[in-house]
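In order of appearance the chains are A, B, C and D, and numbering begins at 1 in each one.
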Amino acid sequence: MKGLFNYRELILASILLVGIAAIGAYQPAFLRWGNISDMLTETSVLFMMALAQMVVILTRGIDLSVAANLALSGMLAALVSQYYPEIPLVLMILTGVVCGLILGLFNGLLIAFLGIPPIVMTLGTLAIFRGLIIIIAGGDQVNASEMGAAFQAFPKQIFLGLASPVWIAIAVSLLFWIFLNYTRAGRGLYAVGGNPVAARYCGIDQRRQELLAYVISGAVAGLCGYLWVARYGVAYSEIASGYELTVIAACVIGGVSIGGGVGSVAGTLLGALFLGIVMTALPVLQISPFWQMAISGAVILAAVVINARAERRPDKLILPEARRLRRV
Amino acid sequence: ADKRIAMIVKNLGNSYFDACANGAKEAAKELGGIEIIYTASAKPTAEEQIAVIDAQIAQKVDGIIVSANDADALVPVGKKAMERGIKVISFDSAIAPAGRIVHLSASSTPLIGAKQVQMIAKTLGGKGEVAILSAASTMTNQNSWIEAMKEEWKKPEYKDMPLVATVYGDDQDDKSYREMQGLVKAHPNLKGVISPTTIGIRSGAKAIVDGGLTGKVFITGLGLPSEMKDYVLAGACDSFAIWNPVEYGYSSTMIMADILSGKDTAEGAKLSMGKKGETTVGKDGEAVMGEPFEFNKTNVEEFAKIF
Amino acid sequence: MSQPILTLSGLSKSFPGVRALHDVSLSLRPGSVTAILGENGAGKSTIVKVLTGIYRPSDGEIRVRGELKSFSSPRDAWAAGIAAIHQETVMFDELSVAENIFMGHMPTGPARFVDWSEMHARAAALLKRIDAAIPPEFKLKRLSVAQKHLVEIARALSHEAQVVIMDEPTAALSANEIDDLFRIVAQLKAEGRAVLFISHKFDEIFRIADDFVCLRDGEKVGEGAIASVTEPQLVRMMVGRPVDQVFPKRDVAIGDVVLSVAGLSNATEYADVSFDLRKGEILGLYGLVGAGRTEAMQGLFGITPKTRGTVTLEGRRLSIGAPSDAITAGISYVPEDRQEQGAIVSLGIRENVTLANLSKYIRGLFLSRTSEQAETRRLGKRLAVKAANWEQKLAELSGGNQQKVVIAKWLATRPKVIVLDEPTKGIDVGSKAAVHDFIGELASEGLAVVLITSELPEVMGLADRVLVMKEGRVVDAFKRGQWSAEAIVGAATGAAKEAA
Amino acid sequence: MNMDTPVPPVDRYIVLDAPPRRLRDVLLRWEVILVILLVATIVVNTIVSPYFLDVFNLADATFNFSEKAIIALAMALLILVREIDLSVAAIVALAAMGIGYAAEAGFGPVGLFATGIGIGLLCGAFNGMLVTWFSLPSIVVTIGTMSLFRGITQVILGDQAKTKYPQEFLDLGQSYFIKMKETGISWLFVPPVPLSFLIFLVLAVLFGLVLHKTAVGRQLFAIGSNPVAARFSGIPVDKLRFLLFVVSGMLSGLAGALLTARLGSMRSNIGVGWELDIVTMVILGGVSIAGGVGSILGVVLAVLVLGLVTFGMSLNNIPGQVVSVYIGALLIAVIAIPRILDKVRVRPIR
């Protein structure tokens, strides 16, 4: 485990810094701490969702149902706070997390044990989860005034200049970093995604790893569901619609390989930050909102092409001289 | 029920439209012999809304009341319905004239535009930069209101209250919220924001409260008391306006009933809105329900109970 | 004789269509090296996989120090003190060397967190022990094939197991790396561990093995002390008939040059590969695994890009940018990796056979099933493909028959030159003889054949000439009658050069 | 020691040309499952809604899925070769915008359709180039181009709509291309058919023939089953991939033209979210994401099933989100049930 950043992430990081500097030069307001912290707060959900998605992609999977999961879990948490305002906040948050976790478990079980292709499974659950929102909420929405005060207050609380969602994102990122780099299960995810056969020869149970990945993805989506709903003070079926692709895009920009087995916490966070800046900087820069989509599209493609080289299978370097050249 | 009226709105799970639907059902009860079908497509897009309308045409309902996801895209299907002898009117968000018989605006577009400018002017004492936080750039009613506002703005009394920006929150809470934050930062001495959309105003207000900007920046526009109550009390919003969606649904249904009973709808004709009185069909079949109703600290709480 | 560490009795294993092992028993003594011999497909690796908990045996029992064991995962095998170097390189290109060594049993510190410094330290120690100068934190993809195999050896040693299994560990190693390996084996012996050693190279077996077990078609056909047998006897046991009959070399009138390759080179894989190939000639291409034969021939065929070099077929300069060019020119390449590159197992026999020259079966606008079937029947019968019907999916065929179908696909293109890359790799004795027979037949029909093989008897039996490749270059060439096994192997491993 | 030399005689085994047809295999074919689903859908709908079985209603229903279905044909081929194109809906938007401008420039119907298809072709070529030249995973590339193409539409169009089109063009999209013709006999008549559905049927036949009867089709199956072996067999894998992306782009452009004609207007959000609907059609049609498996017939059946299920449910005024729950469940069930079945039937020998 050497170095927090690898070469590709350094490129990304420097591009980011240059970009931020440029924006700041043009619009100093952007560099004010207030704005930075707002930007982080706005991006905190994306940070966590991207990390969770990365874990799934590491196993050669994909989870298209995260946004729907977020919306459903958020709705459930909101309903709890609406009908049982007296129960402690922790339990409300837990409702969201557990709900998300169960939904993830459902994905994981069918994917890992029935071998349903992840994209198919999550495409289906994407539709199902969204529909369930309408059903459980009786086609109604939950408004700010209906949610408990504490429920909404939490995401706004500021500690040491940063809002609680940012702190949560930081904590979650740390957990992911430790999990992926310092636990056998975490490394196992890389093994399974990198070379399933070899993983089997190493006594790693692919099914368990996959299940784990989707459960994690679900649980994080649940947590973010609460944060989202509480932050914007409303829960209904359409929230975060289409967000799944933003999340995947963040991973891709961060250098996570769709082929599985490649991806790092740092890279993914940078990828998410990249999109976060695009989303929050444009209004500040007074760039016509119509540019936002085109820009993020261009950014994604650029990042993918930069990563393209890494995707290739390396040469075998049979010629001794070739080998000598590459070794440094 | 011997008559069936379909009320097709932009999307389900939205309190505003639920309130409208309640109004429609109220009217149906009052009139008797009318069944209200309240439905919408999964996604708020013109394509899916058309599919839903097609299904209503297939059922040979007697009348269709639409809040359009896209004014122009719904014209063909509206025409088709009318060719099949189904009465089509639009409310809330209009279908272009060719695609419906009557459009019932909650209030005349100039009136709504002017009202919102006046409200922010009152709040700010006519001084300070103002921006507009709209919904999707593709929504006709939004755009026409914004036009109306700009008309009103031309008046001399607003010369110290320049319009500095128009941004779009796409009727998504997170995006509206970000756009609001962006506005504040891009325009350090921004004083007021007009958001003629219920989602925009609630997210904008939340951004103000969360950002600790209450007292510095004020938002107004079109909102629902139930959603705005807290922010009004918090002081992020001094006053906002809306028509009563329950009455809106009620009136639309009443007009539809009138049309179904064969009333003439030429320009100048009068249509009954039940206990809400009468409305006169203007050019392009535009009819107006009434004036937008203003809410503030004094009355927001009681109406919050209703819608 | 000390009490055995490991005993297998009545071990059987069958796969759909294949009986890989039948009633095999053997026992390993501490401090001894037992060699398993057998042709490709004899069942050697299957024993390994059963012993390491990758396959469950269909029947039979495994005892470690007398107590009955059943392995459901490699972890169980490690726990019982059994570790293996597998034949196919099963590694993680994107992970570090250290992780490749310790995947599945990483050293953990407090709170069961992976202890990287410990891991790197132990990895470094292991690599040092086998004299491999590879930094533990390197990503595996930066290593050469040979280095990767060294890492695998380190991985096997990392378990400190009592029974160490090596399935063709020397396949990709050069002479002095092999010496290092044997030093390690000797060390393990000295430490009182048991080693199970699988190799096709008799010199190695005679050099380090104490006992041997010989398999044929998944059955044990002999065992005993190495000292008590001679090489010919072993070969006889393996193949089931005297070796000189295995390859019925036909004497074919060798015509004039069909293909001439000059200075074929690629940036990183092979350099200056040149040879002439004559009508009816079989040119053997020998070398260790990873010598670059495959890459070179794939360069000829238009798969791996070639930087320099000319290919002339019957006097015409060819410019081959893609396999289709080679095919239309009349060159066929039967790839070595049947599953990956040869067979399309989810398609039927007919669809596979006709794939390489579909245009031939078009009548009007559409493919004509009847003409496809005719060709399939012709070649299928000729190669004696064993199948229920010509529509059967290749996945349902045995390895040997899959290989026959792949060869049929290439014959269907009516080639002038055919390159066979390890055509008998992992196919059973019967089909193997058939394939050998068939190669001779092709030559006698005037086809020019390039035969890549890592099996000495095969190349010596079939080829008219042999080119030896090492590290991407042609290092030596021999004519039939003017060669000896030692000379060829020496050239391939570089031993000869070092001796000189 | 035994000394047998197994040199196989030429005619040692009798090998049939084709397997004997067994009823079980036929019944387990995906298409059959879909046919059963389709029949069930029709029967149920006919029972619950008196309005379902009406040629005009059904004809109108086809308006709402035909454009997607057309794109689904190309998507089926892409997924068959282990690729995917998530940018189709964005291409629809870009093409529709081009058509909008072309119409203002006074193009006729033919010109407008050509414009749409042309723009689609360019977009498809762009996708194909990125995928094949840089050997990038298509899902990633097309997620990017999806934002790019629609983004460009937004940049150019802003909040404007394009609403001026020649009447003949609009008629193509809005009225029946084939008119209802009675023949006197009540059950024998020519049904009304919209242009979009007609095009879908024609293209379906075309694609079916190409995929299942021609060399190219066989090569596509080979690529989907094992790209490496396909390449070793001299199949121009990358050329074909590229071609498929171009086709997908062109059909998206065509769909864009049909949709514009049907709506009589276009905005930057036209066709938003279609990509997932289309992928759903293809997967339900039995095309395997893993590649190498699928049939056009399956896709056509899936299109009809989905279209009629949706139509039938909205006939009963079931709200959209609930419909999508059923569709999602249907998708998973259809994929899962066969797997569960053979899980319980054959235990893998280990």
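Note that in this section a residue touches a chain if its C-beta (ideal position, glycine included) is under 8 Å from a C-beta of that chain, and two chains touch if they have at least 3 such contacts.
Here the structure is a predicted model, which is why all the values come from computation and not from measurement.
The chain with its C-alpha centre at the largest distance from the centre of chain C is B.
Centre-to-centre, using mean CA coordinates, chain A is 35 Å away from chain B.
If you average the CA atoms of chain A and of chain C, the two centres end up 43 Å from each other. For the pair chain A and chain D, the distance between C-alpha centroids works out to 30 Å. Computed from the mean C-alpha positions, the centre of chain B lies at a distance of 74 Å from the centre of chain C.
Annotation for chain B: residues touching 2 or more other chains are 12-13, 42-43, 137, 168. Among all residues of chain A, those that touch two or more other chains are 130-131, 133-134, 139, 237, 290.
Those chain pairs judged to touch are A-B, A-C, A-D, B-D, C-D. Touching chain C in their complex are the following residues of chain A: 1-2, 178, 181-184, 187, 190-191, 194-195, 197-205, 261-262, 313-320, 322-323, 326-327.
Put simply, chain B touches chain A in their complex at residues 11-15, 18, 42-44, 137, 165, 167-168, 172-174, 177-179, 181-183, 185-186, 188, 199, 202-203, 206, 210-211, 226-227, 229-231, 304. The part of chain C that touches chain A in the complex is made up of residues 52-54, 73-75, 78, 86, 90-95, 99, 103-104, 106, 108, 112-114, 116, 137, 141-142, 144-145, 267-271, 290-292, 295, 471-473.
Those residues of chain B that touch chain D in the complex are listed here as 6, 12-13, 37, 39-43, 45-48, 50-52, 54-55, 57-60, 70, 72-73, 75-76, 80, 136-138, 143, 168.
Listed in rising order, the residues of chain C touching chain D in the complex are 14-16, 55-56, 58, 221, 236-237, 240-241, 245, 303, 322-324, 326-327, 333, 335, 340-347, 351, 354-359, 361-362, 365-367, 373, 377, 380-382, 384-392, 409, 429-430, 433-434, 437.
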